[in-house]
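I'd like to ask you about the structure that follows.
Note that the chains take the letters A, B, C, D, E, F, G, H, I, J, K and L in the order they are written out, and that residue 1 is the start of every chain.
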Amino acid sequence: MKILVIHGPNLNLLGKREADIYGTKTLDEINTMLKQLAKDLNVEIDVRQSNHEGEIVDIIQKSKNYDALVINPAAYTHTSVAIRDAIAAVEIPAVEVHLSNIYKREEFRHTSLIAPVAYGQISGFGDESYLLGLRAAVSITYAKKSTS
Amino acid sequence: MKILVIHGPNLNLLGKREADIYGTKTLDEINTMLKQLAKDLNVEIDVRQSNHEGEIVDIIQKSKNYDALVINPAAYTHTSVAIRDAIAAVEIPAVEVHLSNIYKREEFRHTSLIAPVAYGQISGFGDESYLLGLRAAVSITYAKKSTS
Amino acid sequence: MKILVIHGPNLNLLGKREADIYGTKTLDEINTMLKQLAKDLNVEIDVRQSNHEGEIVDIIQKSKNYDALVINPAAYTHTSVAIRDAIAAVEIPAVEVHLSNIYKREEFRHTSLIAPVAYGQISGFGDESYLLGLRAAVSITYAKKSTS
Amino acid sequence: MKILVIHGPNLNLLGKREADIYGTKTLDEINTMLKQLAKDLNVEIDVRQSNHEGEIVDIIQKSKNYDALVINPAAYTHTSVAIRDAIAAVEIPAVEVHLSNIYKREEFRHTSLIAPVAYGQISGFGDESYLLGLRAAVSITYAKKSTS
Amino acid sequence: MKILVIHGPNLNLLGKREADIYGTKTLDEINTMLKQLAKDLNVEIDVRQSNHEGEIVDIIQKSKNYDALVINPAAYTHTSVAIRDAIAAVEIPAVEVHLSNIYKREEFRHTSLIAPVAYGQISGFGDESYLLGLRAAVSITYAKKSTS
Amino acid sequence: MKILVIHGPNLNLLGKREADIYGTKTLDEINTMLKQLAKDLNVEIDVRQSNHEGEIVDIIQKSKNYDALVINPAAYTHTSVAIRDAIAAVEIPAVEVHLSNIYKREEFRHTSLIAPVAYGQISGFGDESYLLGLRAAVSITYAKKSTS
Amino acid sequence: MKILVIHGPNLNLLGKREADIYGTKTLDEINTMLKQLAKDLNVEIDVRQSNHEGEIVDIIQKSKNYDALVINPAAYTHTSVAIRDAIAAVEIPAVEVHLSNIYKREEFRHTSLIAPVAYGQISGFGDESYLLGLRAAVSITYAKKSTS
Amino acid sequence: MKILVIHGPNLNLLGKREADIYGTKTLDEINTMLKQLAKDLNVEIDVRQSNHEGEIVDIIQKSKNYDALVINPAAYTHTSVAIRDAIAAVEIPAVEVHLSNIYKREEFRHTSLIAPVAYGQISGFGDESYLLGLRAAVSITYAKKSTS
Amino acid sequence: MKILVIHGPNLNLLGKREADIYGTKTLDEINTMLKQLAKDLNVEIDVRQSNHEGEIVDIIQKSKNYDALVINPAAYTHTSVAIRDAIAAVEIPAVEVHLSNIYKREEFRHTSLIAPVAYGQISGFGDESYLLGLRAAVSITYAKKSTS
Amino acid sequence: MKILVIHGPNLNLLGKREADIYGTKTLDEINTMLKQLAKDLNVEIDVRQSNHEGEIVDIIQKSKNYDALVINPAAYTHTSVAIRDAIAAVEIPAVEVHLSNIYKREEFRHTSLIAPVAYGQISGFGDESYLLGLRAAVSITYAKKSTS
Amino acid sequence: MKILVIHGPNLNLLGKREADIYGTKTLDEINTMLKQLAKDLNVEIDVRQSNHEGEIVDIIQKSKNYDALVINPAAYTHTSVAIRDAIAAVEIPAVEVHLSNIYKREEFRHTSLIAPVAYGQISGFGDESYLLGLRAAVSITYAKKSTS
Amino acid sequence: MKILVIHGPNLNLLGKREADIYGTKTLDEINTMLKQLAKDLNVEIDVRQSNHEGEIVDIIQKSKNYDALVINPAAYTHTSVAIRDAIAAVEIPAVEVHLSNIYKREEFRHTSLIAPVAYGQISGFGDESYLLGLRAAVSITYAKKSTS
């Protein structure tokens, strides 16, 4: 089982700035945690980060060898139909994760263009959101495999 | 560590009807899964279900001996300021869970009155949403205890 | 054939107040008329009234021995997703009735959360709305039985 | 007692197309059912159909010898202030009927310009809507006569 | 100088019903007043009434021998892009008149699709609105002739 | 018969600027035309202009010796509840006039806070709007006197 | 003179939590203050609290022996048509009170479904809101008695 | 193969007025171009124009011998549910065409009630829109025939 | 303790017009009642009225010797950011009062620009609103003094 | 004559996924069809595809040697002001094409930011949309050349 | 070169209150800075402040001897059509300045009625906004003079 | 002191097209002016331009050695949450500049996603906007340095 984790724009700054909103862990630390959990759950993961909407579309399009996506679309959550369409086009289930509780923030962050094409959404648990997202992705994949 | 799980209105019908939206597991089966996971995570859980908004408010008000809530407010997600105010009034972190991906359903289900006072939200993973919710609640509580 | 008639909040005051909006018949008189018509149509009816949203949800959930519901959700027409979900969850057709023409009243009464899950809606004919609703419920049930 | 039944635009196609929305009965069959019921209820009815908004206005204006109208304004329900004004101008009570449950369909069909000037509205019972509408019209007329 | 007066739908009922909104004068009486004033102002007028949107479009299209239009679009004020387009297409200035003050009535009557293509609008003076409209039309025409 | 004409803010600049919107006549020239027509119609008029909302409220409050008001509220049309309340408070009918067709201009000019309390509205005929407004005011007053 | 004071959902927690919003007095302390003032004003009061919408409807329906209601609907202010309808149905004047200034809080708290059927509203003065509300209720009752 | 071309209201004025918006070709010239292209493509076409909504509904209802419709609903694009319902009711694919780019014009012209029931839409190419529309209609019909 | 009472536009007409909305007491009578109550409560009051928004801003700016304001902003409630900013700028608590229940009136009167900067709001009790407002102002001031 | 065809994001997946929405032809097949038609029409075409908004902006900016653009902006239709501004900045007419009928899909797809700066729009004819778009582009260019 | 600086309502309180929003400089200090810069730039300036909308209109109307305006409309930014119309009426370019960043504040402060008639807008730089505004005004004037 | 100037999409075309909106200076000429002013003000500047949202995010993220940003986000002003988040994430003050007065243009250009995280905004002064922006950036930096 292989899972692809995609970090959206500005997440490369994690742990360096605005720790009150996004927590104190760096992206590298989160990736290490994810890899540890992946090992525990006996799955492979790959991790990508990009600030470019088009690049994220490219990454999603090329994900066909993965069983599931875990994606934090960050700012593109609210503005990118292109990423939405890419997720809808590939047949891999996508788990949408957010570090902060987007429903506690500015009005425009309450609407996700990604959610209606995602399998499910996890929001607000800080870096734990990623771990829960990985578990969810693994669980979905097992369920799918057991029914096929 | 003690966690209270609250199931909102109509969830007592789970597994009996509309399986295409809510899955085939009954509420009892979900509770059994939750208890099993609680045991694995070494926490105690109690479980309550009610179709009555006021009763859910009562339950939340009396939850002060718990470390966290896992709540699926179901229909009251979109209409109950009273449950929102009860969650805001007690000092226990609440994890909001939904079986279905509420962002794939009718427009009025896209807005949660509970989300802005919840710690975080998990939506769309079927009965797995509850298991992830329990893990999240446990994780929050550990984090809180380790920082206090 | 058995039909359940549910009267929503404040309908127990019928005929006692605001006769200009709701007419001069008491709820008892309406129930008597309904029972008379039921007899004429050769069906059994039961009647329930409650001011409590949760109680109405309970009643609907327990209605599986009935062939159809006739429901005047009154104030909950415009605010209750829980009653909507209960009607959608049980497999019994529901006829929504209103004494007053809700489209002649305040803006917020023009939207029914119940209508999209009801079989049909009858509004504005005073106590006659109930009688028409009962006829509709009987007619739906006969049609269903004849095609099964 | 004389009642005028008015069928709005495209209802002449009934039973020929889109049977899933509007049912399988033709307009002629519905008219026959209406006439049978009228006979049972001991009232006279006349029936008109038009695809033209202006013609429907003309028909309503000339209805002064009738005791009540039963009207299915169809598409004009949502767009015709002229038909609304015609109904408001004549002093005959109008019963608005719809074959389909308009609240289950496209957003723009949820608003009726006619409802606020109609006596009451019946929606969603297929051809039974017309029969209930005729009964309602007869009941209104009797009530009016008994109080005058 | 020739001016065409167009009365929209339901205005043929004037003076016969809803006198509290539209006044007690019949359309014939208003036309007589208009003709008297036309005579005083030394202009010719023709008068048309129709309940049909398409017919009013036809009438406007054939008005090229007139110097100006005085039009009370009545219900079509709020719903007819076709009449708006017809007025915009012919090169004759149009004076929009209303018997009642449309800004004191239902919300939907506050918006005129005709106003942005009319020369000006007169609303609320009862049958006097027509007389003022005729004066306005004459004044516009004189001004145009004097500058050409 | 005495009529008070009130010119709102910036109308003292008439004829000096933005002639394409408001015409080339100065306010003095319009007042002269109004006085000439008043003489012809055998009524007295007084004329006031102010750029101050509060001053216009004062003027309206002190108008009890007049039979009617002709008011061009200009910019305050769209923003002044105070002027609206003053007009509603005094018992004198008010004719609202506008030089330009406000429905051809910016969106925010399409809504008049004054119109619902005015007797009627005349918009778009340039300085002729005032003359029509004066005629309307005289006509209303005669009608009122003849019925009292 | 008898007055009924109704405290809505979560008000039983007063003084125990969120003192920055609702103040430090407990509900018992507020009730004691109310009773003291009632004594000073020479009126009898009864006090009820409930977290259940339906129960509050029941309480209001049974209030016919009281001269006035003082009600803090709390969360139900913004969501309960049932309580609104109950207040409208009974003939007793209702004074709506709020501890916090609801216009300084979240957008959804700015709209009260109760206000249009209440006699008046008092908001923002902490526990003083109740005392002012009681005074208002007494004053209304005296005024009513003196005019009857 | 037979195709019906329907021109909506005011299109009979084409080439005579407002050439800046709609171009300089008359409707006859456009029809001649259409017939020439039809000949080239080896299909038969018939052409109808009407200013009457109801008449256009009648025409569509009687189009069952045609393989496709090419319709420029003009003003009725934005206001006619009746034409929409007629197109939905007949089983013939409809190509919606517009001379002008409706998305460059007034806000209300940006919404087409027809588009959701049309096969496709062509807008903005002047009389070329019709030619492209005819090609589209022919292409759809060939595709349909080849798959049946 | 000194309190300033400010009456907004058109309140100088109180008791003279529209008694059904605003009551029969004149402003002088209300001021007399206020002074009597002030005496009873052992505070000094000054009273100002103005129809001018700018003047009310001036008055508020010069109120630094007062302990609190009681202000009925009347029409400016809904339109004046300047008065809102003046209240926010001075450090004196302001009690907003309204004679009529503004939530029972036109839609635009339901929104107060002043409320979010006021200490609290009292609406709907007629002249009693002022007396309650004065009591509230006194109570706030005592509370502030006792905590400083 | 040279025409540039631009395919927006995710169109490189055409024919591989979601064939029910976008058809079964691959982008290569569509490009082959386009080149064949270009040859028939005696024009040169170049074709570009990108998933990157900025890259599409770059491509448009460098298109000055082309006579026209045919662009399917796909997801960027609804979100890209940058592409809109690029099209407006270059002086080459742009034909906007869509495979699916965007007016039959999700609400947010009904609004095109590109349409107001495009020459015209073609939507809903599957791969035929491109062929019609190419014809439209050629026709526009001929018209422009013949008038210059 | 002469430039007029206009300070709107409540700006006379600058530096005395709410220093966190508006800074600690008094209006006199800002004016001194402006005069110093004016001297450096070799232009004359005059400065006016008013809390009265009408007075600001008067000032603008009398500004014809100035080359440009620098105006901070403060609260009237969001509510005054009268000031907007005055600026549009005079032919002098106006530079709109704001001390605070109005886009970081309450929703209603995000919309400026003045901006569409101003030459440009400067917002958020505290007292530096005025200095930049003066430079902008001088630059505009030089540009205008050099092209005339 | 070092300042980074960022030019958003399509600004590389400046002076080449749409000179009526954006002026006649090329981007190079503006950069030369900026460098000259920087020299006069004794600060260093670097200049970047990109049509790619993601690239602009990258540039902002790497700006930590600069004291301030001057950014014209152009089209991304209205659509980019990613650029907003990047500006919020870095701790460098950003001055938002626009060549055209965005409040005089299309509705969608009136809303800036960047403004709430910018220090201030300058709009409408053509290339002068950049010079004012640079001055503002320098002034902010001096102020910050003097207080630290």
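The working rule: a contact is a pair of C-beta atoms (placed from the backbone, for glycine too) under 8 Å apart; a residue touches a chain by one contact, two chains touch by 3 or more.
Here the structure is a predicted model, which is why all the values come from computation and not from measurement.
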- Report same or different for the subunit J and subunit L interface, where same means the shared residue numbers exceed half of all residue numbers found there. different
- How many angstrom lie between the CA centroids of subunit I and subunit L, rounded to a whole number? 47
- Task: Return the distance between the CA-based centres of subunit G and subunit I, expressed in whole Å.
- Result: 23
- Residues of subunit K touching 2+ other chains? 52-55, 79
- Chain pairs that touch, by label, are A-B, A-J, A-L, B-C, B-G, C-D, C-G, D-E, D-H, E-F, E-H, F-I, F-K, G-I, H-J, I-K, J-L, K-L
- Query: Which subunit K residues qualify as touching subunit I in the complex?
  - Reply: 9-10, 12-13, 17-18, 50-55, 74-76, 78-79, 108-109
- Message: List the residues on subunit H that touch subunit J in their complex, please.
- Response: 101, 103-104, 110-112, 115-116, 118-125, 128-129, 131-132, 135-136, 139-140, 143
- Query: Of all residues in subunit C, which touch subunit B in the complex?
  - Reply: 52-55, 57-58, 61, 79-82, 84-86, 88-91, 113
